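The first chain written gets the first letter, and so on, giving A, B, C and D; residue counts start at 1 in each chain.
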């Protein structure tokens, strides 16, 4: 493989890792606060649709982004009501939200656009366009570093940069702020937070809403930056890969970025090459598709370090004696 | 002292939840500019108005009985098996191999072994998540989700590269031999003088599914093994105290669960398509979750809920056929049912408990 | 006269059908230690949780320092100068001590300055009250005594003037408890008000200024400690004269039934909990294991009951029983005729959602007597349950009632009936009367003694010294996974056992 | 009342299914009559849809896509009074009309145009599901490229091996980027809905693309060189027009009878020089007359101009 191909592959890795990363960080906030979320997929899908729909209708991608975030927040709020206020089963709520999004997006899309569950293709201002870093053009001639800068680092949509900046931001919020301390505490022992005079419900809602916000950006990215419009089921399991990455990263922000880049790379490889020849054996493309899931199972099995979720994760908080 | 009578918990709450889900669904239909009454009429007509409709309703219900039972039995052991979809896919592979590799003299024999094959493959697919949960504490919800995706990849590979007949463009196996054709309800009922639609796919697997409901009921409530499964599901330290091996019980419960999910393939692969296609499960594994929730994990409840969802499915197909309402409407309904019966049941339960408490106070 | 530090007026609180607090009023003077006693379930913790804003009262008022104060949540309680140390600590296990202390009391949105200031303040507090802990240690790395100090520091860091402690000594060794009371004394000297919930009358008599007694959700009396006696308090607590000693004839020990040699248990976290125990229990005797909770007694009982693996050797009637792998589980122990009344009936001994009759089969569900071919013979099981309920006076005697619908005492009777009626050769009993009222205690004690008198061996684990002394024939004290010594029950007393429980070895073992 | 069943890509795939939809719409407008249609959600529904329409008395029933072959094989005999038309596949049966297209011929023409428009002498092909039918497109295309410029290089990729490959715009987009990095400056997408991603990315990256099945020139005016039109709409239109008493059997639609072709309209007019058009039209005439024989991959599962 030549240098340029590698750059191209990494470039596509960055693009494909972005939605994973946003969703993964979203899950990180929620799960660190003790609310399991297998509804990342649904929130992303809903956001993808509404961002594309509004962007198509208004021709303004920023309005689309807002709409996407809004719809994702709505589902996040639903998850919050079910799992925080009514202390329901978080896993079941997540499953329901995934189905709800899968159905509603197509239903509404069909109603609004009559295009079989799609939105019209986005054109012009309806899409996020590549964002060139300074001097990308002039530096492209520099050997090795030039292409790395101008091809790999520059020229992505603004949301890509937001996603990668969200990593240090997440780290900082979680480990350097009061909010972060409380958020982590509420995922470990909500009773401690409660008796310390801080609202468990408030904190958990805040976490779930941040999760909604990030999923919203992820969905909008899919429909308005990575692609030009919504097609049904366009998240294609990315929410679950993000969940896998979250476990892989053991709920830590920087590791989450590593995991998402790894899974993005796997996707990039699977997208570009059908079957891969490796020293005489052919690795079928299906193996590449399944690899993130297999890796997650291996991690979960504890063969490569144990993944211990936040202790109060998945449990509704009930005051007990 | 319980806060409210058992019947309220078992019957009233699911019914109210279902009602809420139906109400919201009606609002959704209104929202997309259609008439909910007409839609329901069309659904009822298409799904229950003819033996053709019933044939499809029961065909889908058969699938959902298997996957609903699979979710239910795992739930009794305290496990949330989201992997029914993958287990059913692998079950399909089991059925296909049994039907294609062995020349069966008669469908009865083929049915028995196909069911075994489906159960075996489904159980095998559940075995790894089960083992990881039992031995290493890996969260079975996540592992079974992962195994759904892995199953799709495996099946994809097998159908594209191994089982696709020479020269065919479809990623599907060849057609099963005529000898393994399962009699449809039409063929079963004709001898006793009942005219049943010839083209509906409901077949003898329905009886197998009903048998499975009965089997699960006996197993859970009438055998020591069922007792152990339920005990473990309620209290793990309790099980340890009672000498109930959690590893063994989790394994057994999940193997049965996986086998039941896998056995769905007898219906859809052997009974209907008569060959294995991609995505043969059509999401039935996930609907099993809603069915088990609705049915309160009781085999009889699962039976009823499966028929309800069979109706929704067939009704939804009719909607897609005759109106411009997309089939996804049933996905929405399914989501609402799961949401209200599964995640939001406290929303119904809390006020209900207060009402019952007030009623009791009033009596005293 | 100064206003009382705390005044509660007409507090009521119900949990569904359970009336936990009924119209309760008390008043506590500033600068005093006020004790609250009462049976399990009497409503003590509920009352204090209301004062701390953890629960909301259905009715009633709270007055702090002469001012009516609404306490809708813990935030308000903290603002009113109230701090509480719960029975089960409310600490984040994988946070450091410092993080736990600042949690909820941070100065600003940024964490680092808060932590820096807390570190300084902590130093001062430590020195002032002798509350030493390492600020950078993680909670799960420090002992319970230190964890309790963290809880107290949390309250003081929040400038608490009123400190509530819910059963603080249950998990402490006598010397740790002494240290705690020295700290409390100092706090009182500073003018702080302390409410102390405890089951130990000795602590009430020694350290409190005034004491309130609760019974079945109501406040039955408030008296000056100096003007009362333990006997009087006990009577107030249960409503009648209490018989402390169990009626029984002297034991006539026979052949050894259970022989334990060099038994060791390592828990799942890799910590050795039982460190080489030797012990023999003979036919016709009750051996009591005393000790502060968490010194390996639970693990000892569990390994004998087949609930966890161990190493070393145990023999029953001289036959070795496996301690690991095949044949070491609880089912095998039952087959070997070992009965087991577990320490925690709700978590272990019963399935709370099961009917009484299902619970009577718990552990014995594969017994042929309950079988009908491959199926279970539920009718036989129900008949058996009815008989057992009659005999053990379980109320109400309804086999169809779920276990959770019985009161604690009756739940315990179901467990005891199930285990004793099997007529085991060895009965393991853990905390048989925890959370059980006095009437049921007497009944259960009688059944245990009757089993002994049939020539069966009984191993009793209890954290209640009184229970051990009155029920056991021989007492062994466990400390830090080891047996510190054995004494005939009639040749020792609480003082000597208390020393051994604190790790001071007795003379001859 | 006739009925139309779309394949999994859905009727608005901008390509194959949409072409069929267009034909049905044209029929409805011209005759003022109505027809039934349904989009499938999964493989398993093919048979149900066929039976349901047949039961309800729809006649004829038209289905687009080779994947219906098996289901139709099962169903057709059960409804001898109903006429079926299947597109892209041959199914035996007294009441079945099978319509197949000479896609290789149309692809040859657009291949020539690609070669002539390419400045880098490298052109690309992105197929959908890797099946002989799509290889037939690729092979004809490659022959056309070589005919116009023997030195040109053809890069070919398939999107996948399952029907999902028809509907994966992200993958289409990524493959386009990969081919661009290998020097391709004209890319032909024969990939159903996946092609939307190909055309989009090609337009974004400033190279030319070639559409398929429907006329896709309008999707990105000035960026789509041309489209290989496959007159599925006509086939549907004819079947609907013939109605219940249509002639059954086997029909081949090629260049000679207007079944395939290339699209010219105002959107791509500036891209096509007179000289290009002349060359292509000449070749088209020669193919129609049989003077040029374009190799059909499906005739012997091999391709002289391209290796897969």
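Points to keep in mind about this one:
In this section, contacts are C-beta pairs under 8 Å (C-beta built on N, C-alpha and C of every residue); 3 or more make two chains touch, one makes a residue touch a chain.
Listed by chain with UniProt protein names: A, B = ABC transporter permease; C = ABC transporter ATP-binding protein.
What you are looking at is a predicted structure, and each value in this text was computed from that prediction instead of being measured.
The chain pair with the larger count of C-beta pairs in contact, out of A-D and A-C, is A-C.
Distance from chain D peaks, on a Cα-centroid basis, for C.
Here the CA centre of chain C is 77 Å from the CA centre of chain D.
Centroid to centroid, with C-alpha atoms defining each point, chain A (ABC transporter permease) and chain D lie 36 Å apart. Centre-to-centre separation of chain A (ABC transporter permease) and chain C, using mean CA positions: 46 Å.
A separation of 39 Å divides the Cα centre of chain B (ABC transporter permease) from that of chain D.
Shown for chain D are the residues that touch two or more other chains, namely 39, 161.
Residues of chain C in contact with two or more other chains: none.
Within chain B (ABC transporter permease), the positions touching two or more other chains are listed as 156, 160, 326. Inter-chain contacts, as defined above, occur between A-B, A-C, A-D, B-C, B-D. For chain B (ABC transporter permease) in complex with chain D, the touching residues are 52, 56, 156, 159-160, 169-172, 175, 198-199, 201, 268, 272-273, 275, 277-280, 282, 317-318, 320-322, 326-327. Residues 4-5, 8, 11-12, 16, 115-118, 121, 226-228, 231, 234, 236, 268, 271-272, 274, 285 of chain A (ABC transporter permease) are the ones touching chain D in the complex. Every residue of chain C that touches chain A (ABC transporter permease) in the complex is listed here, in rising order: 45-46, 49, 52-55, 73-79, 84, 86-87, 90-95, 99-100, 102-106, 108-112, 114, 154.
Across the interface of their complex, chain B (ABC transporter permease) is touched by residues 16-18, 305-308, 329-334, 340, 342, 344, 347-354, 358, 361-363, 365-366, 371, 374-376, 378, 402, 405 of chain C. By the touch criterion stated above, chain D contacts chain A (ABC transporter permease) in their complex at residues 10-12, 39, 130, 157-158, 160-161, 167, 169-171, 173-175, 177-178, 181, 193, 196-197, 200, 219.
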